[in-house]
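Two complexes come next, and they have one chain in common, subunit A, joined by subunit B in the first and subunit C in the second.
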Partner chain A sequence: MAVETLAAPASAADIEKHASLWSDAWHRLLANRLAMVGLAVIVLLILVAIFGPWMTPYDFLSQDLNARNELPNAAHWLGTDELGRDVLARVIYGARTALIVSLIVTAIAVAIGVTLGAIAGYAGGPLDSAIMWLTDMTMSVPNLLLAVVINASLKPPLTAWMDRMYQATLNPIWRNSLIVDFVLVFGAMALVSWPAYCRLVRAQVLSVRSRNYVTAARALGLPTRVILMRYIVPNAIGPLIVAVSAGLGAAMVLESAFSFLGVGVNPPAPSWGNMISDGLRVWRTYPHLLAAPAAVLGIATIAFSFLGDGLNDALNPKGRK
Partner chain B sequence: MLRYIATRILIWIPSVVVLLLAIYALAFYGAGDPIKLIFLRAPGDVAFDPVRIEAIREQAGLNQPFLVQFANYIWKVLHGNFGNSLLSGRPVWKTVAAAAPISFQIGLLAILLTAIVAIPLGVLAALKQNSRLDYLIVSVSLFLWAIPAYVAGPLLMVLLIAILPGADIPYGWGGIFDPRIVLPLLVLSFQPIALITRQTRAAVIEIMSEDFVRTARAKGVPELVVAFKHIMRPVLTPVVTQLGLIMITLVNGAIFVEYVFGLPGLGRLTVQAILHNDYPIILAVTLIGVTVAMATNLIVDLLYPILDPRAGQGGR
Partner chain C sequence: MSSMAKAPLLEVKDLAIEVSTRRGPAKVVEHLNFMVKPGEALGVVGESGCGKSITMLGMMGLLPPGARVVDGTATLEGRDLLKLSNRELRKVRGGQVGFVFQDPMTSFNPVMTIGDQLIEPLLYHRAMSKADAWKRAGELMRLVGIPGGEKRLSDYPHQLSGGMRQRVMIAMGLACDPSLLIADEPTTALDVTIQAQILDLVKDLRARLGMAVVWITHDLALVSGLVDRIIVLYAGRIVEEADVDDLYKRPSHPYTIGLLGSLPRLHGPEGRRLASIGGTPPEPGRRPKGCAFAPRCSMKIARCETEEPQLAPLPGSTRHRAACWVAGTVSVEAAA
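After this line comes the complex of A and B, so read on.
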């Protein structure tokens, strides 16, 4: 009974404080011009990724061999490539690939990172040391190299396994090589991306854990789950949002880096990275094939960077003096 | 102090071994049979002769348990033997030894350029905090940090040709005094410059509000002397701690910069090895990248108590 009556007003006050924290942050973000530009670009990108196929008359695959390697013109705003495919359509479908990959990878990485970080921070002791050792080690390795090695070495066995499953079941789903691509690309990228979230959540948990109100909550006999959900997670969410917005941009870059190196999503599903690496071969004669995807990828990553920086200033007002 | 160094090294060694084990396991279970990989490239009757394949396997020690093979590999690596490239058949260490100096030269130049450009820019931005110049420096560094090397490199090349039609394309390697080095060096330095500029700026802003800086100013010490004598030294500490991260960005960046600009260094070697599934090379290059990055972290850990004497006492 006592717990109930004490907890109820506390949580109401909590919500009120949160509301003002969020609206404060929103106002600070609105005042940041660079961040708003970034946000606008990202919203545009999301809209294009969702509605893109209805915005262009061309398909990313359909070839027009009478219109090969055309420079940008009225019919093809960004020109066509060596197979006569519309570059704009490919860039638009590339936005889909980029967004899907970065969303899923970040979701997996956040899930791993938050779980491990919360465990490390809350449990302490040898478990904490072990998790932090793993985190430090993963962080101190050139992540691209590690991801590429993971991806390249797991591809043959996974492909072989899929093939065996197909032989056994004759279910065409096992023939879909896109599944291999996606599982590997997502897996390898998530495996190198989680440490940042883990560290952040652990630090938050550690700093909140020793606060008086958590001690009080524990003294009142609140279960660990409630303490975690009511006091610790809300405190960690601000920095986590900042980290996620930076992470989304980083995952997008990582995906295009994979495709650029030829270990990412396989063509014909277009990705900005493999468009850039294709364009690199012919850029002296057809610079638009290189410039278009490179410029779009550049704008997208910079937009995420500006928004992340603005969110950081907005959600951590203490950091800005 | 000695104890601090000993602990750092003791923590470092198992990390390196575990990492090597993980990478080796990936190659071991992932790549498939190296003998088959070799003969896939040179198909002949050997590939269809199981007896001969078995003999080669036995001779190469491929029938031993995983851990024995791993120990053998480490033993050979410690003696400088990385095996032979599947693609060219040449010893890996020769290929790597030809490529490594190029990457290291460019890497060192990039670090030098970063130090020369980024630290003054960061100090300048901090001293003029919230001015137009400060905003410019901060947003440009955000920009440089965000743009990947394989975007910046090609775009700069297109731009160069657009401005100077008929200009030489910066492609290939002619030593560090060749003008072709300028563009790749710039692109490789973008991210480290952005990182160090922002670090320096944040550190200077923090230190400027410290008591000893205020005291110096109150005593009437000239601004320049304050900047160099009181602010610079403590600023170097957070900058040096970023060295590990810089190393990682350089290793990652080299992969693309060397590929885009046709520099025959470790980065391009990596890309080619990945494209052709050349496992011995991938393993060797990954080992080098990981060792360089982790050794840098160790050095930073060892330097830290010298720069900031508080860290060495009583341990962290």
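After this line comes the complex of A and C, so read on.
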């Protein structure tokens, strides 16, 4: 009893220090060592992706046929591949590809998912059923299969269309086949990733809209717009942040998986999935060609899930105790 | 009291509310008639699920999905609330009618400061500027006795205790000077000592501001000092209605007698068992043919199971009414 009365004022003062929910969550995140490691790795990855080209003397395409398949050494820290290209430079450029792909894909998927999920959760009724039916249908098709089908069926017509545009305008932008790759890869990946966000947001909106404080806000006579913007959305967004953090890592893996299967970013644009695919053929003789991209991909993915996990704990203080 | 003679502030007539159940629609409230005069305090008493809260939510268009008002009128200051558009009803809620809910722990938006939540009714109903609203919020905080007053406005709900949050919720309900404050079991989630404080606060505010109060509770003893009149609800209907002193002196419906009998008392023999009412209320849609309370009633006669009693004045009184076949006879016998 005495212990309890002593402990209570201390914890109250503790709460007093951190005023808002977000700063509270930030403090809890700072205290989580694994999450901070993850965050540090992600920040490093972003810096490398932005400033990478100035960090290495080699270009990801320049070949040095006198230095093929070299093991890691002083000149090439991660060795060279079968065409004498610097592996470190390719991994760094690969980080760029991976980040761009995962950011854009997640942004598209979240935009689709949040819109549809919020509509489904708030409107309910037949609209909800229709959207959920669409979600279930999308989820029931295996991800990679769907992506392969999209790629195989859309690539030839899209390439032909680009060709026609080039013939008509002679603008060199239409000759850049990278655009086709990116549009198809982004499109296919976003198409397989949005249902998870949609379901999450729908569930969140459903649960938040029946909370007592929403009824209390309605009892105060506040307009629907205000209730949605200030009462429902801010309270529904926490789990979405967690899902996005984990989703960025997942999108990175998905991109590598696509590239590995040859339906992702096409060579010569460097992608970790491509490098793993190439390295796999020669890993018995030159293991570093497989190890370097695979390790980086693994570390990046783990970093994202550590951060996602940390965010989950930080935003759900009740779940930890 | 002069206010007793005035026209009613709120008059509910023949209200019926239906909910969807697995066995189809079922009426949870039926033939409900009551009125609240300006400045009057009405206690609405009954056990869980008897239709107390849903009646209040129904009048204000706040019913959860699956429930709807199917019949009746609810006239507030001359306008039937059940016929108002959403926009008009929104002006009534928070403007003319303030609400205080049961659970102060979950009735606040956790991501907004209490000041931001407290000023919202002022911004939307009174079109006040933010600075003015903030000043008024500070006054309200002092009015409901929050130590520190306006200094606590920038706190988040989790930084306040349950009793303080309930005070803030009362402040929110009173922000726009409503003529009616509906308090839905506002003390159920609080400690006994805090319950008494909140009760005193409402009593004091009512004396100062003169608003009418509808206090919903399942605790007959709690409201005795606050309300003028009590209606007792059972299975969605009024079973007894009386001025508060009358009800305690001469409880007439066996259900009311049972409720009062189940209150612990300090006097009397030690080691005595606390009385209880056996059984449970009927499920919605499974009302027995006669009196809904008959299966649990110790005084029932044959007629109770075949014919439903209507609310009728007791002998020797016009203001004390009960819906019971034996109520009159029992109390007459007791008096004789």
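Here is the rule we use: the second predicted complex is superposed on the first by the 285 of 321 C-alpha atoms of A that agree within 3 Å, B and C clash if a C-alpha of one lies under 4 Å from a C-alpha of the other, contacts with A are read in each partner's own complex, and residues count from 1 in each chain.
Operating definition for what follows: a residue touches a chain if its C-beta (ideal position, glycine included) is under 8 Å from a C-beta of that chain, and two chains touch if they have at least 3 such contacts.
On a predicted model such as this, the values are computed, not experimentally measured, just so you know.
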Next item on the list: Answer with first, second, both or neither: which of subunit B and subunit C does A:314 touch in the superposed model?
Entry: neither
Next item on the list: May I ask you to decide whether A:140 touches subunit B, subunit C, both, or neither, giving the answer as first, second, both or neither?
Entry: first
Next item on the list: Give the label of whichever partner, subunit B or subunit C, reaches more residues of subunit A.
Entry: B
Notebook entry, point to check: Which partner does A:222 reach: the first (subunit B), the second (subunit C), both, or neither?
Noted result: second
Notebook entry, point to check: Regarding the shared-chain residue A:118, is it in contact with subunit B (first), subunit C (second), both, or neither?
Noted result: neither
Margin query: Which partner chains sit in contact with A:98 here, subunit B, subunit C, both or neither? Use first/second/both/neither.
Written below: neither
Item checked: Which of subunit B and subunit C A:231 touches, first, second, both or neither -> second
Note to self: Which residues of subunit A touch subunit C once you look at their complex with the stated criterion?
What the structure shows: 15-16, 19-21, 124, 210-213, 215-223, 226, 230-231, 234-235
Notebook entry, point to check: Hey, which residues of subunit B end up touching subunit A in the complex?
Noted result: 11, 15, 18-19, 23, 26-27, 29-32, 139, 142-143, 145-148, 150-152, 154-155, 157-158, 161-162, 169, 205, 209, 244, 247-248, 251-252, 255-256, 260, 270-271, 274-275, 277, 279, 282, 285-286, 289-290, 293-294, 297
Note to self: Quick check: in the complex, which residue numbers of subunit C touch subunit A?
What the structure shows: 60, 62, 64-65, 89-95, 99, 101, 103, 106-112, 120-121, 124-125, 154-156, 158-159, 169, 172
Checklist line | Of all residues in subunit A, those that touch subunit B in their complex | finding: 34, 133, 136-137, 140-146, 148-150, 152-157, 249, 253, 256-257, 260-263, 273, 276-277, 279-280, 283-284, 287, 290-291, 294-295, 297-298, 301-302, 304-306, 309, 321
